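Here chain A shows up in two complexes: once beside chain B, once beside chain C.
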Partner chain A sequence: MAVRSKDTRPMIDRYRWWEVVLIYAGIFVFLFFMLAPFIEGFLVSLKPLSQLFSSPYKFWPENGSFKAYYTMWVSVPRFGRYIFNSFLISTVATIIVLALVVPAAYAFARFNYKGMALVLGGFLAVSMFSGAVLLIPLFRLMRTLGLLNTYFAMIVPGVAFLIPSAIWLLRTYMMRIPTELNEAAYMDGASQFYTFRRVILPIAAPGIVVVAITTFIGAYAQQFIFALTFNSKSDYMPLPVGLFAYFGKQDVIWNELMAASFVGIAPALVIIFFLQRYLVGGLTAGAVKQ
Partner chain B sequence: MIKSRSSLIFAWVLLAPAIIYVLVIVAWPLVETFRLSFTDASLSRTTNYVGDKNYTKIFNNTFLTVILRTFAWTFFSVLLKMIIGTFGAVLLNSAVPGRHLFRILTMPPWIVPMAIGIFMWGWMYNGQFGMISGLLQRMGIVDGPVAFLAYGSSAFWATIVTDVWIGVPMVTIYFLAAIQSIPKDLYEAAWTDGASRWMRFRRITLPLMAPAIITMSMLSLIATFNSFDIIWILTQGGPSGSTTTMIIDTYQTAIGSKKYGEGAARAVVICIFLSLFCIAYFRVTRRLAALEKA
Partner chain C sequence: MGQLSLKNVIKTFGDFEVVKNVSLDVQEGEFIVFVGPSGCGKSTLLRMIAGLEHTTGGDIVIDGKRVNDLPPVKRGIAMVFQSYALYPHMSVYENIAFPLRVEGAPEAVIRKKVNDAAAILHLDERLHQRPGQLSGGQRQRVAIGRAIVREPEIFLFDEPLSNLDAALRADMRIELTRLHKQLGATMIYVTHDQIEAMTMADRIVVLHGGDISQVGAPLELYHKPQNTFVAGFIGNPRMNMLPARCMGVTANGVQISCQGQSVTLPVAPRAGLEGAEMLLGIRPEHVTLGQGDLTLRATPNVIEQLGQQTIGYASLDGREENFLFVLSGTRGIEDDKPISLGFAAADCHLFDSTGAALERQVDIAAMTAPTL
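Entry: the complex of A and B
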């Protein structure tokens, strides 16, 4: 075995040429599966309708244009409204989740009283039940409270299912804050609340930001079943449900639907690109080794 | 840690809002679902208790088929997610240029609004003009257009593939983290002993990521069992019920036909299965944690 002095990689990370080819081929197949719908969706958004509805199938657009990105505003008159609704619902949901989760995560991270482990288990169990199972009583509850066909009908149930992972994530983060800080504050005569508010919260701020982002993404990604069931006013629909109405039609204007979809997912893609490192850390925190 | 009566109260005050919220939005509806399952609740104002009538009504061959279909759908979906996730994680763990970019590119199906990703699959499955049918025809694998969502068996698999597509990124990233937490010296030692790459994967990577695979497959089982959006958007349970899983079936009964009582009975059956999965999950993770300490 020849020792190449320039190569500083550990031996186990060195590959023969055919291994490199195999790895790239595998990654290509894997990523093609992950990205094919986006590639196809993007190409469709560039194709004129006449080419879309013609056989044989052509992968690349011929005289493609961004025309659909203009015309969709006419075909989907409430498009801007849907995006606004999506953002509004996700933002309000994130704020409520943070207000509930930040104190709870701190309690789980710092105190270990009888019954708390059980409560934590209870929170984790919540994430096992989807909203779909609870739709009937939730529907009746929303009707009784007069919340049907309001933003709250879509926000309130969604929040409950965002709580468990947010608590878990923030608890993991807060457990890394040294308890000496609490003790020092106690010695200085600070109250429990003062310590939480003035000592812990500022230190936990980066963790709270990560939780806020992952919660927002979760809220943005999962707007469907509650919005579909509890709201029938087009003015309040979030983007997925708003577009679903067009998806179901007999003559779907596919290029415009795809253009609209791309504009709708753009914020999520931007977030992935810039915050990827925090996201991966955040989303898998506490998962492998607690 | 300072223990006092005031900090005990403080801890529970911090927890109270979240606990109350979850009690009202999740726990109470669960109990209420159970109660409603013994009633004839519908759109009408009056609701009467009807005993176990809903349960005797739903337990027939059609419902058993739905249960079996749900298990088959879930099983294949989870199995594929685990296999593809392992494959992806091992590939993304290789020390080749570009791997950071590849990791980012894995994430979109997970992060973008689920429904929108599903719309794109809806187009890909289109028989006349869709990509999959088009490419298969070009490669000469099929003769004419294949409308994947129009036939029972292909719709069944098409919805599974879309579910796998949405689930794989999370599984991959999770497995990747598990692989990266395996000490490098193990590989170096094995390499020194002349173990091939395959042997190292088989004897080091796979056994050491087994806890992650077990944990993930159970979490994935629960999530997949609850899957609603994909089937509802692509097929709404059709054609002729071939993609009707228990969740879809419950939704059709309760929200579609407004039979709340009967729908609740169907939901209770789902809850029983979910509770069993949940108990199994907690037991397995506890066992794994104990193993890790030992």
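Entry: the complex of A and C
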């Protein structure tokens, strides 16, 4: 009897054993470099402070505990407030970006007008500046507008720098929605706005979620620099600046700092975890025959 | 109502004239088919009638009213796209209901109309599925359903069946013909498929480079093409064209010499043709083995056996182009052996040097059951 192969993978997906070993080794190295800081950070958060400076240094915590996760709230009582601020700034920034970018991306994807390439190129050019280069002009601008030491000082520049990449991302997604759908809706008597709301928005939903996630993460990462320069009110401080509170006069409470970092990003992780459920692909399946 | 007139309609894209001066009258309830080679402006013309494309010049008149500047809904027109253009995030029910929702029709009316349309199109079982879960034919039916709920007076179809496989296309063809009878609406249909054009149309409009080449009933186009373009375009395989010279004109027809033989063709005579270069057209299916009014010696290069037909590609002395012949049934013809091919003078078409046909003396009404 002929030998039957149980392997159902297509030929192009089959590898020799040593190819498999190499692939996994590559993945391991890559992942290790990416995750090592997180692993070390987590281990540090479990160690008592005294053990951190022992030599020889031990990676594995002896009598490790989650104690730092309790004491961090005591040493910096306002920490909850910082998390809330971070969250607020990023959420408001994301909402503003989406409100502006969704219609803009649709317009860029569907309508052709003179100078469109220029505007799009301009957006790309702007996104090449990081906020840091423009801090001083921005500072003067904020002062003139009287926005220093408000939430807006951290939200507005963040939004400005997040818009270009969001527009590009969403425009590409929307260009893949077939124009026949617009024409069909037009034939059926729908107005531009009705078509946008009832046809384009639902189909673009996965793209919008992607943009929301990247914008949220971007706003989270960006707020540090704006908070540091444009805000001196500790009530409005976001998480990354708030972490400085663990830098005492004499020494740094490293284990609580690490614990606080992990607690601080947890809400963002939860949000992203819920949003990514909506990242289902293939929503346009069946719209048109390609 | 659903009477449509095109009056000297022109469309240019930049400097490029895509539709040149097209005039056409479509009667209420008629099934009109646009055919023509790729890029001749069929879709553009259809989209102008629909109101998707701006009309550069001329008038589009529906039921006596000029509609050039009206949006599609106000024209009372619905269109079915080649690519279906269904809304992928909506159920079949919602897809069909879409035009009614736009109108703001009451829920009860929507339910009734959608269910009626679904019944006509055999989609009752599918109403709660998404387009992505349907087969090609079902999707096309949903697209048609979306068109019929609005009860338009004129339906436009742009190659609606070209994405379907042959068997499904045959089924849908019959369903569309049935639908046309049932609704009694005017339909304008663009297709590449000759069988669709011949079987569904009341009249066929042959477009060529943005111009109307000929308008007529399918059999009229087949039996009396007005020019070489229509003669070559309608009928499959294409008509054979042989160079000929006019020898004389009599009351019975035109005497020509072709391939060294002289024969009188029964076509409407015209003065001043004597000595002129002409083209003789003969359809492959009118060629038989053996002698005819005109007989050619030919050597078949390729023989295609289809069972019900035998198609041959033969070379004639002194001509590069293949001479096609179609014999009914299975015939054991060997390639590369010379044979005699004959055909009757009555089956021949004759064209003058400008490509215009001399009218053949055939009575189409005598061949077919009278229409309309």
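Here, the second predicted complex is superposed on the first by the 233 of 290 C-alpha atoms of A that agree within 3 Å, B and C clash if a C-alpha of one lies under 4 Å from a C-alpha of the other, contacts with A are read in each partner's own complex, and residues count from 1 in each chain.
The rule is short, and it goes like this: a residue touches a chain if its C-beta (ideal position, glycine included) is under 8 Å from a C-beta of that chain, and two chains touch if they have at least 3 such contacts.
Treat the numbers as computed from the prediction; the structure is a model and nothing was measured.
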item: Which superposed partner A:P202 touches (first chain B, second chain C, both, neither); value: second
item: Which superposed partner A:V156 touches (first chain B, second chain C, both, neither); value: first
item: First, second, both or neither for A:G26, with chain B first and chain C second; value: first
item: Touched partner set for A:N231, first chain B, second chain C, both or neither; value: neither
item: Contacts of A:E183 with chain B and chain C, given as first, second, both or neither; value: both
item: First (chain B), second (chain C), both or neither touched by A:Y194; value: second
item: Touching partner for A:F244 - first (chain B), second (chain C), both, neither; value: first
item: Partner with the higher number of touched chain A residues, chain C or chain B; value: B
item: Contacts of A:V119 with chain B and chain C, given as first, second, both or neither; value: first
item: Common interface positions of chain A, toward chain B and toward chain C; value: 183, 186, 283-284, 287-290
item: In the complex with chain A, residue positions of chain C that touch it; value: 50-52, 71-73, 77-79, 81-89, 98-99, 102-103, 130-134, 136, 139, 146, 150, 163
item: Chain B residues within the chain A interface of the complex; value: 1-2, 6-8, 10-15, 17-19, 21-22, 25-26, 28-30, 32-33, 36, 41, 84, 87-88, 91-92, 94-96, 102-117, 119-124, 128-131, 133-135, 137-138, 145, 165, 168-170, 173-174, 177-178, 181, 184, 187-188, 191, 197, 200, 212, 215, 222-223, 226, 228-229, 232-233, 247, 250-251, 254-255, 260, 263-264, 267, 270-271, 274, 277-278, 281-282, 289
item: Residues of chain A that touch chain B when the two form their complex; value: 9-13, 15, 19-20, 23-24, 26-27, 30-31, 33-38, 40-41, 44, 52-59, 86, 99-101, 103-104, 106-108, 110-113, 116, 119, 121-123, 125-126, 128-130, 132-141, 156-157, 159-161, 163, 167, 179, 182-183, 186, 192-193, 196, 217, 220-225, 228-229, 239-241, 243-244, 247, 254, 257-258, 261, 264-265, 268-269, 271-273, 276, 279-280, 283-284, 287-290
item: Of chain A, residues touching chain C in the complex; value: 178, 180-181, 183-190, 194, 199, 202-203, 282-290
